[in-house]
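Listed after this line are the structures, all set down as structure tokens.
Look for chain A in each of the two complexes below; its partner is chain B in the first and chain C in the second.
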Partner chain A sequence: MESMLSNPLAVRILSHADDKLMLGHVQSDWTGLGPILEEDIASSAMAQDDLSHALTLYQYLGDRYDLDPDVIAFERSAENYFCCDLVTQSDEFDWAGSVVKRWLMATYMLIVIADLSKADDDSDLGARCDRILPEQELQVLHLQRWIIRLSNAGDEARERMQLALDRIAPLAGMVVEMPGHGPSPQESCLIRREEIFREWTAGLHETIKQAGLNATFSLPEQTQLGGRRSRHADHFKEQLVEMTEVRRVDPGASW
Partner chain B sequence: MSKIREQLIQHEGQLPPGTPDTDHWIVYTQKKTEAPFKWAGSLNAPDTELAVQFAGEHYGLDEVCTSILTHHGSFAHDGPCGIEPLQPGDAVGDDGSSWCAFGLPRRGGNLTLVGTVNAPDVDTAIARATCQYANGKFVQFRVVPEEKIVISDGKGSLIWRLHDMTYKFARGYSKDVREKWTRIRDEEKYEDYRKEDIHKHF
Partner chain C sequence: MINASNSAKPAPTPSQEDPELLAQFEQRISDGILIEPGDWMPEAYRMGMLAMAEHHANSEIIGALPEGEWITRAPSLRRKLALTAKVQDEVGHGQMLYRVSQELGKSRDDMLRDLVTGKTKYHNCFNYPAPTWADIAMIQWLIDGAAIMNQKTLADGAYGPYVRTMNRINMEEAFHFKSGEDMVLTLMSGTKSQKKMTQAAFDRWWPVTLMFFGPADKPNAESRPPMRWRMKIEKNDSLRQRFVNRFAPAAQDLGLKINIVTKDDQGNVTSTTPDEAIMLDEESGNWTFTQPDWDEFWRVIRGNGPCNDHRLSLRRFSYEQGGWVRKAVGSGTISTPPAA
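This part shows the complex of A and B:
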């Protein structure tokens, strides 16, 4: 585990997998509570996709570091999870908040997974990313459609979408925080931080314009520390305890 | 107690009504590239784009699905449903616009896309579909204007996923599942459970 946690590329992959794991876990809370049956099914299926994407990245790391993917997913201490703060942020069962959060993350993940697929001369990693990408595109398309439709659906819907965006946008920039414990993040393979931020926000603004909404995203200072540097909020720790409950009750259980 | 459980308690007895601001769409799925589209069900959606997406998520993930065909419910025009298979009749012709023809092989069966006919109106389309495709095999025909049909073949927007989806398949009570269950239940109890479960769900 230690050698994995000290390798910058492994930590970067781990941070993407952790994003997906927590996103899928948190979104699954909505199963049965979606605003309409069809969206309930669609968003639950996409939460399952997120969990499967996490699994395929954990499997990649597991193969390289001789670790069981379930051990990587469920048996790390909280400070060794590198998910960003946005994924674990509660939407308080506000659908607008859920849509905005997932849209921001889906758009970001599309860029970083595409980037990761080219990052290394590694056909296994490339193949895994290539399997994730079409599913990620599906999520982006689906959530963009919701953003635009809800924002044009009348005063109340529009107001709720704008409020959700106002609440979430200031936190969103932390998705490009450099992950890991290393003292010198500039040397890590996330050196394209600014470039990824620009590409990501340019895509966001296109949709925001179509939706007639307003949002400002800013790139946080590198001195600002959050989830990717193990400074997790309390709600993450609660979610982690809940998510790993079965694993702790019956370690090594399989189904 | 997790937030999800708190939320359920708060909303007990206050579930939202129906599905507002949506229309009714009918969905057909194609399980293999060369297989016909068969009726899968219907759904509610606010517009065509979301209807196609919902169709994929709702009906395209139960088993492998290569394409989805969707149309607004109001564009479905059904002919009379016979008890015996329909006879072809003599309504031949090729004028008018194109209609997709769906045949119902038996009452309670699934409508299946059988082809297209050209016709100037609904009644003629049904008559020509019957003439062209009945052949003693169908008890009813539905026609839908071809221009109102949307087909998603999964290339532009994925339907069946690329990751391992075998967990979706109902493989029944395999040897592996039996072994896992009998670790925590004795064989007799497990067998009773299996029979009851199959009886309930199949």
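This part shows the complex of A and C:
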């Protein structure tokens, strides 16, 4: 586990896997409780996509570091998770917030997974990411349509969507925070971070314009630390406790 | 499953229908020809099928709740994925069955509203608690196993859209059952505490599953409309016996003990004694067993079970929270394609 946690590429992959795990974890909580049966089914399918993408990436790391993917997923201490703050946010059963959050993250994940898939020196990682990408594209398309449809469906829906965006947009910058415990990232990493942020938010603004909404996204200062640097909100520890409740009944048992 | 009433308007009795049309309708059923939504049908048949399909749909989406509560605690990524997919399937079954019901004349929104206001019912077994991971295994093994037995007979019914929906649902239920069987097997092959947890869950769910098929039918059930018109195919006691014949030896093979239990108002088991009646009657080939507490069955069906309020209030909360989305996408009515 330690050698994985001290490798910058492994930590970067881990941060994407942790995002996927938490997205799927929070979204799966909606299964059976969505506002429309058809969308309940669709959003559950996306939660399953996210969980299986997390599994794909944990399996990649497991193969490299001889670790069980479930041990990587469930048996790290909170400070060794590198998910961003946005994905650990509870939706509080606000569908507008859920759609906005998932749309922001799906759009971001499409860029970073595509980036990983181009790893020239690692065909295994590239192949695994290539399998994720089509499902990721579908998520973006589905969620973009919901953003536009709900925002153009009357005053109440528009107001709810704008409120959700107002609440969530300030957290967006921390999504591109460099993950890990190590020293300050190198200059080349920071430049890439800014490129990803620009590409990501440019795509977001296109949809926001079609939806008739308003949002400002800004890149936080490097001194601001969040989940990717292990500074998780208190509720993340509660989520971890819930997520590992059964495993802790009998540690080491097969379930 | 046929115990829901959906309309205040009294349906014409079969004797008030056109005798020639009624005779043709009954002839088609006895010839094994499926009844389709555009065909003539007695009003009592339409309302009976609606009540049955709506009750079944309600049961699917309420049934998603006890298992849904365990998705966030599933102990591995594969179990988490499987459980999410399983609960998603149940919601999908609800969606298909609401479409069948819609074609029989009731809107989706009216059905959901009647469910959350308590006007219509759902299956009694979902009013029981699932306090451990092993309860999820038992729901998938015992309840889904019982559901497959029941629904396989319903797939031999006469109403086309419902029959085709049962066939689709049964294929998915078979996966759920296999998943449950695998979970029970894993737990019973595991540690001492896992086995103890599993026995406790089995004690909670065995009597609930015996009640699953409903109380004994009236003596003349075969000649009454539900069976005469092939809305219902097999008697409750017959299904229950087939279930015990299949699952009593399977449970014993896994090392589970079949007990008679007493429970408190919260559904917690307060005492267990071995069911001495459990044995194979060589002459009949049937396993004998002790009947569940039918007084408890009626208490729960009247709304006084351990989880009636919890299940319904969560469903109501979801319905209310999602109202603005339904309004936004279709002024409260959802446009859906025709049933299967």
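As a working rule, the second predicted complex is superposed on the first by the 242 of 255 C-alpha atoms of A that agree within 3 Å, B and C clash if a C-alpha of one lies under 4 Å from a C-alpha of the other, contacts with A are read in each partner's own complex, and residues count from 1 in each chain.
The rule we apply is simple: a residue touches a chain if its C-beta (ideal position, glycine included) is under 8 Å from a C-beta of that chain, and two chains touch if they have at least 3 such contacts.
Only a predicted model underlies this, so the values are computations on that prediction, with no experimental measurement involved.
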{"item": "Combined model on chain A where chain B meets chain C, clash or fit", "value": "clash"}
{"item": "A:134 touches, of chain B and chain C: first, second, both or neither?", "value": "first"}
{"item": "Which superposed partner A:145 touches (first chain B, second chain C, both, neither)", "value": "first"}
{"item": "Partner chain(s) touched by A:54 [first = chain B, second = chain C, both, neither]", "value": "second"}
{"item": "Contacts of A:246 with chain B and chain C, given as first, second, both or neither", "value": "second"}
{"item": "Per-residue contact with chain A, leading partner among chain C and chain B", "value": "C"}
{"item": "Which of chain B and chain C A:9 touches, first, second, both or neither", "value": "neither"}
{"item": "Which of chain B and chain C A:25 touches, first, second, both or neither", "value": "second"}
{"item": "Touching partner for A:156 - first (chain B), second (chain C), both, neither", "value": "second"}
{"item": "First, second, both or neither for A:90, with chain B first and chain C second", "value": "first"}
{"item": "Partner chain in contact with A:38 - chain B first, chain C second, else both or neither", "value": "both"}
{"item": "Touching both chain C and chain B, counted on chain A across the two superposed complexes", "value": "29, 33, 35-39, 41, 45, 52, 55, 93, 149, 153, 242, 255"}
{"item": "List of chain A residues in touch with chain B within their complex", "value": "29, 33, 35-39, 41-42, 45-46, 49, 52-53, 55-56, 90, 93, 131-132, 134-135, 137-138, 141-142, 145-146, 149, 153, 242, 255"}
{"item": "Residues of chain B that touch chain A when the two form their complex", "value": "2-4, 7-8, 16, 19, 21-22, 43-47, 49-50, 53-54, 57-58, 61, 157-158, 161-164, 180"}
{"item": "Touch list for chain A against partner chain C, complex", "value": "21, 24-25, 28-29, 31-41, 44-45, 47-48, 51-52, 54-55, 58, 69-70, 73-74, 93-95, 149-150, 153-154, 156-157, 160, 242-243, 245-247, 249-250, 253-255"}
{"item": "In the complex with chain A, residue positions of chain C that touch it", "value": "61, 64-65, 68, 71-81, 84-85, 87-88, 90-92, 94-95, 98, 133, 186-187, 189-191, 193-194, 197, 314, 317-318, 321-329, 334, 336"}
